[in-house]
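Next up: the structures, one after another.
Here come two complexes built around chain A, the first alongside chain B, the second alongside chain C.
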Partner chain A sequence: MHIKNSKRIVALGVLAAISLTGCAAGGSGGSASGDAAACAPSDGKVDLTYTSWIPGIDKVVDIWNKENPDVQVTVQTGPNGNGGTYKNFFNQLSAGNAPDLGQIEYDALPNFRVQDGLTNIASCKNVTESKDDFIDWTWNQVTFGEKDSVYAIPQDTGPMAMYYRKDLFEKAGIPVPTTWDEYAAAAKTIRSQGGYITNFPQNDVNWFAGLVWQADGRWFSNEGDKWDVTLTSPESEKVADYWQGLISTDLVSKVPAWTDEWNNAYNTGSDWTWISAVWGANSISSGAPDTSGNWAVAPMPQWKAGENKAGNWGGSSTAVLKGSKHPYEAAQFALWLNTSDEALTALNKEANLYPATKAGLKLPVLSEGVDFYGGQKIYDTFATAANETNSDFVWGPTMTQTYGDVADGFGEVLGGSGTLTDALKTGQKKTIDALDAAAIPVNK
Partner chain B sequence: MTQISAGAPKEKLASRTAAMIVMGISTLYFLVPIWWLFIGSTKSREQFSSTAGLWFADFNLFTNIGDLFAYNDGVYLKWMLNSIIYASFGALLGTLFAAMCGYALAKYRFPGRELIFNTVLGGVLVPATALALPLFLIFSQFNATNTFWSVFLPSIVSPFGVYLARIFAAASVPDELLEAARLDGAGEVRTFFSVSRRLMTPALVTIFLFQFVAIWNNFFLPLIMLRDQTLFPVTLGLYTWNSQVNQIPEIRTFVIIGAFLSIIPLIIAFLSLQRFWRGGLGAGSVK
Partner chain C sequence: MTTTSVPRLKARRTPVKHKRAIAIFLAPFAVLFAAFYLLPIGWAIGQSLLVVERDGTFGKPVEVFGGLTQYILVFQNEAFWASVGRVALFGVVQVPVMLGFALVLALLLDSPLVKGKKFFRLAFFVPYAVPGVIAAIMWGYLYSPNLSPFAAFTSGFDLLAPETVLWSIANVVTWVYVGYNMLIIYSALLALPSEIFEAARLDGANQLQIALSIKIPLVMPAIVLTAIFSIIGTLQLLAEPQVFRSFTSSVSSTFTPNIAVYTTSAVPNVSLAAAMSVVLALATFIMSFVFLKFTQRKGDQ
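Entry: the complex of A and B
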């Protein structure tokens, strides 16, 4: 049932997207710049709607509702963004009944911006001023580098590090890799002992993008009026060549991520490391319960010894959607939700969200040792990583399509034909075609 | 002669064995996933990924059910109740309308009859999924999205039910019987409810079951229409949870056990209604 339906969702979503782009291209020119001017409080009692798929978000919003009787927020929910909520947003935007606020991941924000689905809240009280509260790279994601523009408030991030089996590394006498060269050398030793250092996931293309991000690569940029697509940039190809080498020599496993087989590979100790985001801590502890206490977290391996660079995988923002009648109140709520200690603590407790604010990284809950990781204060490593993430990475407006096309190429590589670089080349071409087809200006 | 009589049973045996094998394989094909689901429902989260998928580990079924019902203030029970309401009332009304429409098309002569029937028949070919987005835009005009009615109203329409009811009414409700009823002074409505409806019962049960299952499994319409999770049917609720499993792995147990429990009402509906599934009640009753 689900497979059939999801195909239809995709088909319909594409239709909806195309028709919307048509509208946006025709009618957005006038409204885009004029928004920032007016952002005044509304009179009387205000009711806002907020759509988010975070489990338990209603309990966090309850705190706000108790403290702000005049601005009541109703939580609406649904599946995660790509599971249907983004398509719903676009449908609702075209029907004129979108919620006031919506959860949007960083990699989907440009799509909403291009289709004119967001309200510029830069002139709302305290919004522009809060820039320095947030981790540098997140602010660029919500402003798109445009002047006098803020389109969303950063909510959470996914700084990356290396989870590894401390006990196995010690037993095998392998030093913890600090560079990618050492990582590849460790992979060989581990393989000779019958294990794999990690797996290469076909479908987590945004994971791969996180690695490119760490290597200071970019997949998109938008200087001036046109998009540049650079999936095949030298940095990107460097990362591709590196993993291609590991795949070709059978040093990484091909088990698909997020499956029982994958969990089992970690649970039985046949996979030794996972380069992953902060939220992956829970994936391991629930997928590999038998290995409790044996894991540790170290910074990502570096391309040059002595460097300190990290990538990011995931994270989302709270955006004020187009058509909201109360942008002022919506912006105040979004700021409270994503900067106040009480909200950030509650979000972390309910849904393990990792804050996007600098102060949030120092929350008491994030400075405790975690038993599953041998009592290590793992969040210290991620806090450092969050601040070492390059601020210039930009997502494109058609990420769902890009992910799909690159994942298809990755699948072929794991099946034994082609290379990761080929996959990126195909992704590059198809992304340019898709942008072109959606009438989004792009350099060919 | 001896050759033929020796050959026939052998051939019979061979073809019967072949048929049994095909049946056996398809039975397995349909039942193994349910078995897997049941086994998965009985396991704790730790044992779910670390023990064999098709056999029991520690039996935690009731603990799991308790946890599921308690999670998020018991929202799962609300979803189940919603599904039952959408499906049973939707199917009941849908069956009634389909029966009346099909009966009228079969038994009355009026201009445009075939046109109406062909239009309805064309509706069978349009998948419900394709109508979800237009329906959303229409309901938006009335500010009626994200309401009970936005899912319920589209559910009571069943073109296939109309088709089935017409075919069945034509075949099993004899015109002579209607004549007799009219002669006895019964109005058309009374004739329909007290005579024709009874004769059409097997078809109505079929339509009801089809419609019940269709509404129960309908996922795309609620996905597009609903944002308030207290209105969700169980399919959408489980899908919503399942989409968060990567980041909140704890939910996975709930998705498994929730999926298992959600098929039980369907099984009950089938088992309790199939005894009405007797064809040709009226056939041969007149002459």
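Entry: the complex of A and C
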């Protein structure tokens, strides 16, 4: 007996080791990507898992769970994508136990596709047909402009505008800036009164990309068989030079975004504006509760007077991750979550999400005044911005790395060495290196 | 040493009793050791030898054996070596300062002249009981130019600027670990036989002479031990600088070797991250070994 037992234990250990290696090896294999596999409903009751970092998402999913007893969705929440959830997804994908559905921002979709982490749901019922429901540029993001490819369902967008302290601007007699030149002039006046017009956020490189987007710049393109990296395009450098000027003359603060210190700067009125996306409405109202009623929203300042161009910052999609056993049900849930009035209304109520569907822009909840913004119908401004967003912007396949390297350069600028253009140059070089390391063809 | 040969021969002749029992008692350890120590290390080494291949811009990634490609990339990676240089500078300054403090505190606690030893022993040790991340967050607020209770000072002298942030982190690490190292040295002091000190006193030595000429040389092994722990800890700095990234833009994504590994794995470029980890582990091993050899040779002299 003793011998048998000890052998059994050793055997168990060996088994454990083998199964561990087996799991991981299975993860790196997986089925072929690209072709839209047949998408059939599963039999019986289906349990789906969905990972997202939208505040209050569980309440929205509860609505679905009540209506669909046969397809129950369990929500897992995590940190925002670049803050950790993407890393978790990549680890889960290589271990073969990723959730069925995941929230993925548009800028990260190419990365997930390159890592073979997305299921093509083009052949799932109603998916390809829903193309016309969505704002054109968002559909381009989830299909990569290809036929017979749908890798995610667009969820929300982040059309950008300018949040500003209406009361402070009025008190100081500063006109609301409509061009970037006026914005810089306003920055000077505000600085002379002891405040800052805004902060330059080192880590929000996607915010900076939104500004480049507004200036009709592009950071990536994938025409044919190779990627082009153009972080140092003239448009991109124009934006960099502009903000470099504000940083060098101490007209913008260096407080890191998304910190208590940053909230404090808005709450105490030391920062006066924020060029941000529609979802930022939530960030200000929760971070600066003492300033309720004092804010207003105006369109982004323009490069040329009279132009009407907006950038986009963020916005997510709901993707069916590789390895899901129920792509049909997952796709149906994703469609419901991002197109149905009840879900879109709930998402807006919980998290100020701004729908990616054309019909969603006309939701009753989006035509109401918002108390925090002095009763202004702020979504009208964003609806205009959404239609002024250039639809050709393309994200690169290693954005986490690009953001990280550019942010390091931005950090040096805020520390007093180098320029934003230098940071873009370094980012350009390191991005090309990273694509090379991942064996992704790129023009050098 | 002289008696080894005889029992060894004996042991070889007598068959080991209770083989099964030994196997059963060892198995849990062996399995866990293999699963959570050997396997991950082996896995990391294996992963570090792979490179990715694919066809086209969205081709499916395939991992193939790439030999030492990743290691060549590690050695060409300026940011990684800059981070190693940064923690080396950190270690050269912070470790002696911290161990100096720890030694002085331990000697004071051991001195017969000090009252309230129990209180001070606990007071010095308490910071170690604070989790490292919490300590870093707390100090982050103390350093912050706007939110600090000492904002009058921190807004004028930026403790989180690129030139100062490394030493601000050193201060946090020292604060956390000085009590821990003190305790190790102090327990070594307690273990010393009191006759030595009686003899020294009879010979007319004062407390300072006893501390310098008797206590410090006798607890040298404990000091060497704490130094090795500290060197390893320095090379593995992660929590404090990572937390500080949310307080300042001065901590880059490759500030310390471990942060660089973490950043690289998030790309995700797991093979390069694995190669970095292996190089870092080897570097840690070599530095600890060199330090040990160096101090041993000194001790022999």
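Here, the second predicted complex is superposed on the first by the 401 of 444 C-alpha atoms of A that agree within 3 Å, B and C clash if a C-alpha of one lies under 4 Å from a C-alpha of the other, contacts with A are read in each partner's own complex, and residues count from 1 in each chain.
Criterion: a contact is a pair of C-beta atoms (placed from the backbone, for glycine too) under 8 Å apart; a residue touches a chain by one contact, two chains touch by 3 or more.
These numbers come from a predicted model, not from an experiment.
Engineer: Who does A:Ala351 touch here: chain B (first), chain C (second), both, or neither?
Structural biologist: first
Engineer: Based on the superposed arrangement, let me know which partner A:Asn264 touches: chain B (first), chain C (second), both, or neither?
Structural biologist: Both: A:Asn264 reaches chain B and chain C.
Engineer: First (chain B), second (chain C), both or neither: which does A:Ala434 touch?
Structural biologist: In the superposition, A:Ala434 contacts chain C only.
Engineer: Go through the superposed model and pick first if A:Gln72 touches only chain B, second if only chain C, both, or neither.
Structural biologist: A:Gln72: touches no partner chain.
Engineer: On the superposed three-chain arrangement, identify whether chain B or chain C touches more chain A residues.
Structural biologist: C
Engineer: By the touch definition at the top of the document, which applies to A:Thr179: first (chain B), second (chain C), both, or neither?
Structural biologist: neither
Engineer: Applying the document's definition of touch, where does A:Ser283 land relative to chain B and chain C: first, second, both, or neither?
Structural biologist: first
Engineer: In the superposed arrangement, does A:Thr128 touch chain B (first), chain C (second), both or neither?
Structural biologist: The answer is neither, since A:Thr128 touches no partner chain.
Engineer: On the A-aligned overlay, A:Thr384 touches which partner chain: chain B = first, chain C = second, or both, or neither?
Structural biologist: The answer is neither, since A:Thr384 touches no partner chain.
Engineer: After overlaying the two complexes on chain A, where does the chain B footprint on chain A coincide with the chain C footprint?
Structural biologist: In chain A, positions 2, 5, 9, 12, 16, 94, 258, 260, 264 sit in both the chain B and chain C interfaces.
Engineer: Considering the complex alone, what residue numbers of chain B touch chain A?
Structural biologist: 45-46, 49-50, 53, 72, 127, 129-130, 132-133, 136-137, 140, 143, 145-146, 217, 219-220, 223-224, 226-229, 235-236, 239-252
Engineer: Inside the complex, what are the residues of chain A that reach chain C?
Structural biologist: 2-3, 5-6, 9-10, 12-13, 16-17, 20-21, 24, 28, 32-34, 86-87, 90, 94, 110, 113-116, 144, 202-203, 222, 225-227, 254-256, 258-261, 264-265, 397-398, 400-401, 404-405, 407-408, 410-412, 414-417, 434, 437-441
Engineer: Can you check the complex and tell me which residues of chain C touch chain A?
Structural biologist: So the residues of chain C in touch with chain A come to 20-21, 23-24, 27-28, 30-31, 34-35, 39, 43, 51-54, 56-58, 60-61, 63, 73, 141, 144-147, 161-162, 246-254, 263, 265-270, 272.
Engineer: Which residues of chain A touch chain B in the complex?
Structural biologist: Going by the criterion above, the answer is residues 1-2, 5, 8-9, 12, 15-16, 49, 51, 53, 55-56, 76-80, 83-84, 88, 91-92, 94-97, 99, 258, 260, 263-264, 267, 279, 282-283, 286-287, 289-290, 314, 351-352.
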